[in-house]
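Letters A, B and C mark the chains as written, and numbering starts fresh at 1 in each.
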Amino acid sequence: MSSETILKTSQLTKCFGNLIAVKNVDLEIQRGEIIGLIGPNGAGKTTFFNLITGLEIPDKGKILFKNHDITFMSPHRICKLGMSRTFQVTRSFGEMSVEDAIRVGAYNRRGEKEVQKKVDWVIEFFDLSDIRRSKCNDLGLASLRQVEVARAVATEPDLLLLDEAGAGLTGAELFKLMAALKKLNQETRITLCVVEHVMPMVMGLCERIFVLDAGELIASGNPDKVCNNQRVIEAYLGGGISLETGFTG
Amino acid sequence: MDVMIQSILNGMLMGCIYALIALGLSLIFGVMNVVNFAHGNFVMLSMYFTFWVGTLYKIDAVLSPLITFPLLFLFGILVYYGLISRTLREHYTIQIAVTVGLMTFLGAITQLIWQARPRALAYSFVQGTIQFGSYTIALSRLISAIISLIIIMVISFFLARTWPGRAIRATSDDSSAASLMGIDFQKTYALAFGLGSGLTAIAGGLLMTFQQVDPTMGLRFGLLSFCILALAGLGSIAGLVISGLIVGISESLAMSFWDPRARTLVIYLIFILVLWLRPRGLFGRK
Amino acid sequence: MNVFKKTNIGKLLIIFLIIFALFIPFILGSNQYQVLLATTVLLYGVMATSWNIIGGLAGQLDFAAFAYLGLGAYTSGTLLIRFNLTPWIGMILGGVIAAGFALLIGIPLFRFRIKEVWYALTTSALVEILKVSFNMWEEVGGPVERCLPYFSGSLLHMRFTSYIPYYYMMFAMLIIALFLNQRIASSKLGYYLKALGEDESAAEVLGVDTQTTKLKALLCYSFLIGMTGGIYANMYGYIHPSFFNGQETTKIAILGIVGGRGITYGPLLAALLLVGAQEYLRASLGGEFSGLYLLIYAIILIIVVLFKPRGIATFVQDAYKKIITGEVKNKDVV
């Protein structure tokens, strides 16, 4: 694991009226890591992603990405720098085909001559050949999530943020996604940050986990340490939750 | 200096009426996120109805809203169910296109029925002027402005205190949450549209006490209301009134000191300026 | 993306249409009035097809078509009157001025997350505002018709004794507009435009600079129409604020929507049908009924928008697909 910091937030804060969605979050991610970001609903995870990717502007704090200050940078320029993301509620390009949607991402780094090659590579990697010409509106949830991840990967990011990419997937579909992500990380040294409620995905994939609750960072460290952290357990339920399986008891 | 103050006074009075027109638009836009391109033509239509009612039944323009308000209210509801509701789930360009179609339709039909020459009513009972020191104020304008402000306050009360009014506010904040609370959002949308349209009837009647109407006025009133809406932003009725005053005064000053033909030009310039500098409006919440 | 191009039948059809169109002036013979009508139909075709770039591909409802036409006409005409500059250059400058003006509107309105409705509102008032402004602007003519200097049959000054050369110039512009539509649709710009039309936020995080992308489409459209304005001025031989025609500018957007936004030949189809019918009726019945035509346009728009929002060109697309492939569209894939 390289010791180069790829993302660093300092005192990151965002308020919506009286609601403090993200509060003084200090966070560091190293290049090549697979990071998990967990926390109860409403903890501010998606807002945090929105802040980093430029869809929201912070009220306080700084965001450094690859040593660039991206605190107030627009989303497309952040993508050009090398960060991309998927969305919690899939935002597909409904009327476009899978291939065309991925192509949009691929144009981030490739010109007209090379873009088709990149598209083909991504489709191959995520095993989407069967549906490459299907309209995104016609796809089922598992395929849609694959396409969203594929689309984001096509932009050739150094840091990929995944917002609940595993939600609603069955065991086999989940496994397929996890395997693809692991392979991607191993082959391309891409840094992944995964927001998840699906615990098996978090435990199986992540080397380090950050925990948000009510906008604040309450714990960080390797999965075992975090699972047994008292504050984390209390944040999710009143106690008695086994974070390994995601069920109580 | 005197000319300027006279001009400002006139502008303020007109501004109150313009704020009333803009309020109608704001209700519709705030609630269902649809900009009624035909709104200016609704005002023009109300003015023609007022003319028609006034000429046929000899009813004074000030009293005409008793007839034209229900007319426009019903028309608004018809338009909502007939046209708008069908496009709510479509692409935004479709929603815009349908109101543009309505605007074009109304513009063409008024031109065919009433022809291009301006129409005006014979004397209303609110004729005459009042003197305030060295300044002259037309009684019709003063009364129109006062009535406009009263109506605005009534609507404000309606939105804050009554059940349908609160339903409108809730729906404009969050329509899915509102429907979960038992608010029938279709009926609320229809009510907002009808109400927004009905308000143009009142404004139209007031305007006819001292103005004439011709088929090209729709665009002017439309531009006025959009400009006031842009300037004010969404969420504050007081902001709407203040913006109305600003626009009214600017128009009046432009006509006095620049060129009478420049009245719509200056409104447009304000509009563009707001979009360049502060797209959320001066008082906007969203 | 365009099924037509991929088959031989499609190519043959296009070639046949082009040849037919090229022969129309000779079919009409020496009837100058009819040639003018045909040229007018082509003019609307050019404008509607150019409109497709901003209205169809970029998904922005634009009502400023005649604003740019007028600006182009005034630029080219005024430069000819004042400086004797040949309209062949004046035309290009007309496009530049129109495009520059478009930027004034586009830059504030195309920023990320500004709603499309504000663009529609701003452009819909633009034509009237320009009419008023040019009416007031005495230096370039004011409310009086400013005639272009008279030349009988001068190529340099783009003045001819017959309408036929203008017909071919308009036709050339149409080909350019169609070609540009195709090129954009299959390029990076086209994909980016489609993406931001689907979901602006998703497009942004994938690297699409929504503001610049929309501006590029706007510049293409306004430049094309500005250039056409140069031809327009010389065709009529004068410039006047009435060029900024509010009724007609709405028609262009209507043609684009009714024809089929985003479909290259869609707006052209609508122009051929609607404007063709209108001009034919106008020739038979007389010009008293301009309000009536506008009414019909409005009704057609509302009907199409409610029942066939993707435009009438979809009838052609579906028919074509059925004939060629015999396939039922939309295989459902999970």
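Heads up, the rule we're going with is that contacts are C-beta pairs under 8 Å (C-beta built on N, C-alpha and C of every residue); 3 or more make two chains touch, one makes a residue touch a chain.
Keep in mind that what you see is a predicted model, and the values were worked out from it rather than measured.
With steps allowed only between chains in touch, the distance from chain A over to chain B comes to 2.
Farthest from chain A, judged by the mean position of CA atoms in each chain, is B. Centre-to-centre separation between chain A and chain B, using Cα means, comes to 47 Å.
Centre-to-centre separation between chain B and chain C, using Cα means, comes to 33 Å.
Rounded to a whole number, the gap between the C-alpha centres of chain A and chain C is 44 angstrom. Every residue of chain C that touches chain A in the complex is listed here, in rising order: 112, 187-188, 191-192, 194-195, 198-199, 201-210, 330-334.
On the side of chain A, the complex with chain C involves touching residues 53-55, 74-80, 84-85, 87, 91-96, 100-101, 103-105, 107-108, 111-112, 115, 130-131, 134-135, 138-140, 143, 151-152, 155. Those residues of chain B lying in contact with chain C across their complex are 35, 37, 83, 86-87, 90-94, 96-98, 100-102, 104-105, 107-109, 111-112, 219, 222-223, 226, 230, 259, 261-262, 264-265, 268, 271-272, 275-276, 279.
On the chain C side of its complex with chain B, the touching residues are 55, 59, 61, 63, 104-105, 108-109, 111, 114-118, 120-122, 124-126, 128-129, 132-133, 135-136, 246, 250, 253-254, 257, 261, 291-292, 294-295, 297-299, 301-302, 305-306, 309.
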